[in-house]
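These notes are about the structure you will find just below.
Lettered A, B, C, D and E in written order, each chain numbered from 1.
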Amino acid sequence: MAAIYSLYIINKSGGLIFYKDYGSAGRMDTNDSLRLASLWHSMHAISQQLSPISGCFGIELLQADTFDLHCFQSLTGTKFFVVCEPGTPHMENLLKHIYELYTDYVLKNPFYEMEMPIRCELFDISLAQAVQKERVSLLGR
Amino acid sequence: MAPAAPKSGDVIFASVDRVNAELFTLTYGAIVRQLITDLEEVEEVNKQLDQMGYNIGVRLVDEFLAKSSVSRCVDFRETADVIAKVGFKMFLGVTASVTNWDADGTTCSLILEDNPLVDFVELPDTCQGLHYCNILSGVVRGALEMVSMKTEVTWLRDMLRGDDVFELQVKLLKQVPEEYPYKDDE
Amino acid sequence: MATFLPQFQSIKSSFAHIVLSVEDVSDLWPTIKKGFEERLPFKRASLNNKTRNPVLVDELPAEFILTTDARLRSRFPQEQSLFWFREPYATIVLVTCEDLDEFKNILKPRLKLIVQNDEREWFIVYVSKAPAHNDQATKMAKKVYAKLEVDFSSKKRERCCKLDIHGPDPNFWEDLEAKIMECIRNTLDRRIQFYEEEIRKLSEQRFMPVWNFCNFFILKESLAFMFEIAHLHEDALREYDELELCYLETVNMAGKQKDFGGVEKGDDQATLLDSGKKALAQIVQDDSFREFEFRQYLFACQAKLLFKLKRPFEVASRGYSFIISFSGALALRESMLPFCMREVWVITACLALIAATVSNYEDGLAAPDVEKEFYRVQGELHTLCHTKFMRLGHLVGYGSDIERSPVNSASLSMLPWPKPAVWPPLPPDASSEVLAKEKMILQESPRLKHFGIQRKPLPLEPSVLLREANRRRASLSAGNMSDLFDGRPSSGDGDSSGTPSAVQKVSNVSMSRTLSSPGNFDGSIDRPMRLAEIFVAAEHALRNTISDADLWKSLSSVEEFEQKYLDLSKGAANNYHRSWWKRHGVVLDGEIAAVHHKHENYDLAANLYEKVCALYAGEGWENLLAEVLPNLAECQKILNDQAGYLSSCVKLLSLDKGLFLPKERQAFQSEVVRLAHSEMEHPVPLDVSSLITFSSNQGPPLELCDGDPGTLTVALWSGFPDDITLESLSVMLTATNSTDEGAKAIKSSEAIVLRPGRNNITVSLPPQKPGSYVLGALTGQIGQLRFRSHSFSKGGPVDTDDFMSFEKPTRPVLKVARPRSLVDLAAAVSSALLMNETQWVGIIVKPINYSLKDAVLHIDTGPGLSIAEKHEIEIEKHEFGANNTGLDNPPDNHSPVSADVKQLSLEDGKINLPDWTSNITSVLWIPLKAISHGLAEGTPAGTVPQRQSIVDGLRTIALRLDFGVSHNQTFEKTVAVHFTDPFHVTTRVADKCSDGTLLLQVILQSQVKASLTISDAWLDLQDGFAHTGKGDGRPVSKFFPLIVSSKSRAGILFSICVVDTPAKDEGKELDPISILNIRYTISGDRNLGAHSPVTKELTGPENETDPLTFRSALILQRPVLDPCFAVGFLPLPSNGLRVGQLVTMNWRVERLKDSGKDVDSDDLDEVLYEVNVNSENWMVAGRKRGYTSLSTKQGSRIVISILCLPLIAGYVRPPQLGLPDVDKANISCNPPGPHLVCVLPPAFSSSYCVPAA
Amino acid sequence: MVREVSESCVESLLAEIVLSYCSGFYANKPELAARRIEAIGFQVGHQLSERYTMDRPRFTDNLEAIKFICKDFWSELFKKQIDNLKTNHRGTFVLQDNRFRWLAHMSIDPSVQASGNIQDPSAMAENKSAQATGMHLYFPCGIIRGALSNLGIECAVSADISNLPACSFVIRIKA
Amino acid sequence: MIVCLAVVGHENNPLYIQSFTESDDALKLHHIVHCSLDVIDERVNNPKKSSPTINEAFLGLLYPTENYKVYGYLTNTKVKFILVTTDLDIRDADVRNFFRKFHAAYVDAVSNPFHVPGKRITSRTFGERVSTIVKSFGLSSAS
């Protein structure tokens, strides 16, 4: 059955502000994840440049033989991306949903400082549920 | 990805959690009053309100984008329109109208006939010069800045000062392009 | 049936209690009467009330009447039924009989006959006359009685009882009473039933034409009366209530218009407490009664019962509402009633009710709250009476004596004028009275208030009386008056909008106008009456209406009127005070006060006024307060209560500005000021918080440094209408951080004038403790008067309702910084300056953001240093760039006189710094000359230059800077300046030529940070040396001018040769030293260090023309020519020297030639040696100095070895071996010892001994 | 039709109050900031109680007033009632809201919950984040106090979040 | 007609007092209003005497005088509204709902953030609203 491996949130300046592993094979350490984040940030930017016609907003789906990477960038420049089993559907919706959770439990948390790493218990909880829910809905289909 | 069709302000407003307006109105009133007491100079209060508004806008814009799935606006005109029709509605439950576009479409006015902030409010003579609703201008400025539009927001008309409507002038200073962090790669 | 009324009345009046008939069958009554009547009145009778509930009547009066009595003669049946209440309630049959047969045959039938009428409640009392001792008789009696019982008693009812005259048994009487009670109860029940039945029947046909109230009334009242005599007052009362209800419902049923009544003489006196005043018969009116009397009658009955029930308070409250409603009824009939009937009736009613209730009331009769209520109603009654009374007084012309207060205005101006059908006409021959009234009107003048306050007097009239009256008159005639006056259409009743100006005046004017055109009217009737006439007319009319002498008396004269007025006010006030309605009471006190005031009992007045003011002030009713306070003030003034008067004035000033005219407020102020400057015996501190408020004015707080005084500006808001002069003013400051009491900022006590509104006052601050301060309180003086104000307002006048004025001051107005350094003094130049020359010494004066305005610098030069007095001191802006400018740039760039250089002169060691330097870092140039006597000494090359020179180069300048506002700050510092010679000189013999010529190399080391130009140099040699070549002592080669730049060195060669020292015999002293003379010029920048000496003229660069001369002493050693000894330094161990490691130093001493005769013989073979060593660097183990034997043979040699210990690491001079006894000239050092040896630092963990410190 | 606005408007405002007073002008004086924030709440409560008691009979005793706060007042504010009301019958009332909306979006680190009553200074001193959370609770406390004082009940109100997400408000009525 | 309308604070201080007579003798109305506080105090202090609907805000008729009537209304926040009218036949129901309207206006007035509790109500809007309410009352009672 399809699985979500991990979730990343990158702030507008390419810093990794959230990383959660949902049981991927090799959980990477902080440095790696940070590096990877900024790398992705750049790639995403480059990809926009690559586009032959203007008005491209960067990579949304990156498919590899072992995983899919779905990326969603909010208009405010925050990037959310999930790494999941190849062909896991409904990832856009999941990302949108996560975005909403982000606004509710991160941005509305007065203790959260903008652009800083996210440490919000409630966010984690609701994320876990969201991912769960996603599974359930998949099974349903 | 294909942007979901932007919902109308009313639909969104119906969907979000809501509270009695008077709680909001009175709370804001109390804040203003307290600020005046503490800062003493009206100008300071205006500044503070604008600052608070800015801070709010910076965070609120994301909620706005997330919940009203508005897609990327092609230009400032469209942005202004979305703010007026969707943004104001979604949060304040009232819609604004956009007018007074200048030639090159970088300056316009948001007109509010109805404004929950000022229910019950009457400015005392000692507080002339106070932009009671200055928090709104801050919010707009902050929100737009997050979608990389530097703006200058000023009050042109204020019902508390006897005008017939609230007029908020939004002036687009510059549109900051997303900068590409190549240097990170080297 | 109504025909029975008179009879009914008389019965009622004659008849007061229950009747018990006695059927005295066997003439026993006279004998037992006494015993029976002793039982009366019955105690604790238990009856049934109307609702069949048992009621305990604790006292029931009754009367025994023999059936033979005339009063019980039988009447007409319907009478009986009607007045049944007076029929016996029980029939007691008295019998006695000793003989059975007699009983059977005579008595029994007779009794049967008696008791057959079942209407009656009866029982039999058997009286036995049998004497106690006579058993026979008693037995018989018992028998008979038994028989009697058998015959007359039944199971359900015991109808007999037995009384023994002799030996009466106690329980007979109980038995008797019980029986009587039983009878009464039953009778009562039956009769109640009967009446109710009747009443029901009647009330059924109530709405039919046959309905007759009188019948109904008679039944009802009979019933009520029956209850009353049975002491069932509650029930009686209820009957009357129902009766009243029914009456009110029926009395004004549509259709037949009834006569109201109240037109008879004396009707004006209320009879609401006197039911017997008029016979009911007189007030019958076909089938009912006249309302006027009858309602009063009913109330009277109710009142009577209520009093019996000990409920006077209920009488009062019922009475009050009765009066109100009845007065309403009167109002409806007003046109038919006598003039002012209504008012008069109400007055009398109130008075009567008050009198009655009070007399029936004793304290503690009722629960506290009922009691309070009672007094409230009393108050209301008084007030009502008061009002009506004032109205009457007003009508007869005493209006001007009624205080035009809010109270009276409220009660009178909303109360319409009486509306008689026709206004009473002016009686004939009243002209004299009219004149009197006229005079009264003309004399009366509105009493003007204190402080010349003038107000439109409050209206007492609902509308202009004149117009009202004349209209009512004219309403008959054709011409309606309303257009005669410029009047508006007749004002509706009860509207309070009459023009409330001084009516009399206005109307008089209008009158005179109307009189001037008499054509309009024919006949005096239609001529509009003048006010005076109206008064007189009213008076006459009233005289007709009022039958009560007292009331009339109290209206007869102003004095009487006022007396009554006062009594009523007092009555009302006192009662209110004992009720819940305190305010009513206090307000009325105000009315009383007004009267006292008028009669100049200022003491009483003041006390009462104070209460009123306290009330209004306490609850913040300023408009009302503004009405009373001036009066209080006036009283206080007259009573010479200065303190009170003062505070009243202040209160008046602090009331809302709108309440008084400017000139009035000015009057208040002038009073305050007057008092303040007068000699008050008990001066009181005045609280003007409400008048003068203060606030810090906008902007950042004043910042002061520790110990600085300052001036603080405070905004004062003056509530005074005019400028006011404060003899002194001081502001308290409270420290926010510390709790200790606030410091005080005293305004220099010269007077300040406060303008109305905002004033900016600057107060001078003495130095404060560090911390931040907020405004505390304000104190000061007006005249001799001290005042305080606590009210802080954030920039608003006192009375703004702006919420800010309630905030305590939060923003500090003053911040005193912790002590810190405010300025720094430092030497501008660190490098050395020229010794013995006048040099600019720069002192950098650096204010640390603190102004040095008119600071003074004291300069005190230390020893060996002097100020070149003749020179000006210079000051210039200090630019930091100056330091890094190299030496090479031409000096004139930094010539002393640059654009912003100023000259200062020094008076007795002090300099005043100019203002332009007060906030910038400046440098002060002082021309100084360091003196050092004694010649510089050159040293042989290689020898370490001794520190010595630096030390004697040091000079110090003690500086003290006095600055700060009023020079309270000082800063002291001693700066060190270093002086030096231009060069340090070292010499060595560069070469030794075969011909004995020596090349002497002189090395000049520049000591200064400036470039030196040597123009010439020559050497004056000591004895034993001579210049070779042309002996001018100049160097070998001429390469002058020679430029020595900063810190660099230059060498000069002299070629000299050794010459024999002149023989001793030429008695002249040998010159031991040779002098090197150097002529040079210096070009330096005083910003960097040494520079050309300060010359007289300060302008222009220093002139090259007169170079300076530097002389240095040199000591040359003659080379060894005929050595007798050779001292050789043997090489050190290879492993080198180490601190703390012993090392043996070896010297070889060799005799080069036999000691000639010239050597003393005694110590031929001995040589004295000495080790010279710097004990700081070396420790010498063993002897430093000693003799060692050495044969006199030539070539004999010896090794002297000394054990040494190096103490410090580095290159140090090794110890040197010398032979003190031998002339240096005869010693050759061969091989010579090294100048320096290297000593390594100690090896780790090697212990070594440390020199004693 | 009662007028409404988005809840996040109010939430943002509250966050900003705390922000501007605590990190703004009273950064170094938390107790002052607290007083200001409480004052703001007080005014709001004062005015709201005036409004929400409009069509109801007067309260005869304190308990009635408190109940009013728990029921009508609370549901006007949060669309729910107080879940649990305790009292010691000696003038102390504890109103517990099992899920206090104004904390719904705040992730408070557990250390706070350890330090229970946020308004006794000792706890305040205890750790920074406790203080921070405390700041957010002064406003609702102020509201309650304002409402009650307008109903003629002078009291002190403190909040306790020792068992989140429940939040209980402790009302001590001045005798 | 309504002669006078007053708001009295919980410390019995006048917060708003407006008379509707064209004459300038408002002082007597001040007096009437002030004194009617006695009645309110009485009602409040010993409730058992007060009207059956014990804690209803509407206190009903305070004063039965011959020439004018005073009605009272006491809010939960111990603020009193006092109405003085000269028309003597007037239905309680009318007064009741008059007060209700007035109360609403009052609440809005004190909701002005710049209004200081316990201080005079200076708001213009309030004044206007009140006068319209008063007018409408005149109509309703006339009908």
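Brief remarks follow.
Just so we're on the same page, a residue touches a chain if its C-beta (ideal position, glycine included) is under 8 Å from a C-beta of that chain, and two chains touch if they have at least 3 such contacts.
Bear in mind the structure is a predicted one, so any value in this text is a computation, not a measurement.
Across the assembly, the mean Cα position most removed from that of subunit D is the one of A.
Ranked by how close its mean Cα position lies to the mean of all protein Cα atoms, the top chain is C. In terms of C-beta pairs in contact, B-D outnumbers the other of B-D and A-B.
Each chain gets a centre from the mean of its Cα atoms; for subunit A and subunit B, those two points are 29 Å apart.
A separation of 42 Å divides the Cα centre of subunit B from that of subunit E.
Rounded to a whole number, the gap between the C-alpha centres of subunit D and subunit E is 33 angstrom.
Across the assembly, subunit A contributes residues 104, 108 that each touch 2 or more other chains. Counting partner chains per residue, subunit C has residues 803 touching two or more of them. Of all residues in subunit D, those touching 2 or more other chains are 8, 12, 14-15, 19, 43, 47, 51, listed in ascending order. Listed in rising order, the residues of subunit B touching subunit A in the complex are 1, 58-63, 65-67, 69, 72, 146-148, 178, 180-182, 184-185. Against subunit C, in their complex, subunit E makes its touches with residues 3, 11-14, 21-32, 34-35, 37-39, 41-42, 45-46, 48-49, 64, 66-68, 86, 114-116, 119-120, 122. Across the complex, subunit E is touched by residues 22, 25-26, 28-30, 32-33, 119-124, 127 of subunit B. Interface residues of subunit D facing subunit B in the complex, by the touch rule stated above, are 2-10, 12-17, 19-20, 24-25, 36, 39-41, 43-44, 47-48, 51, 76-79. Residues 8, 11-12, 14-15, 18-19, 105-109, 129, 132, 136 of subunit D touch subunit A in their complex.
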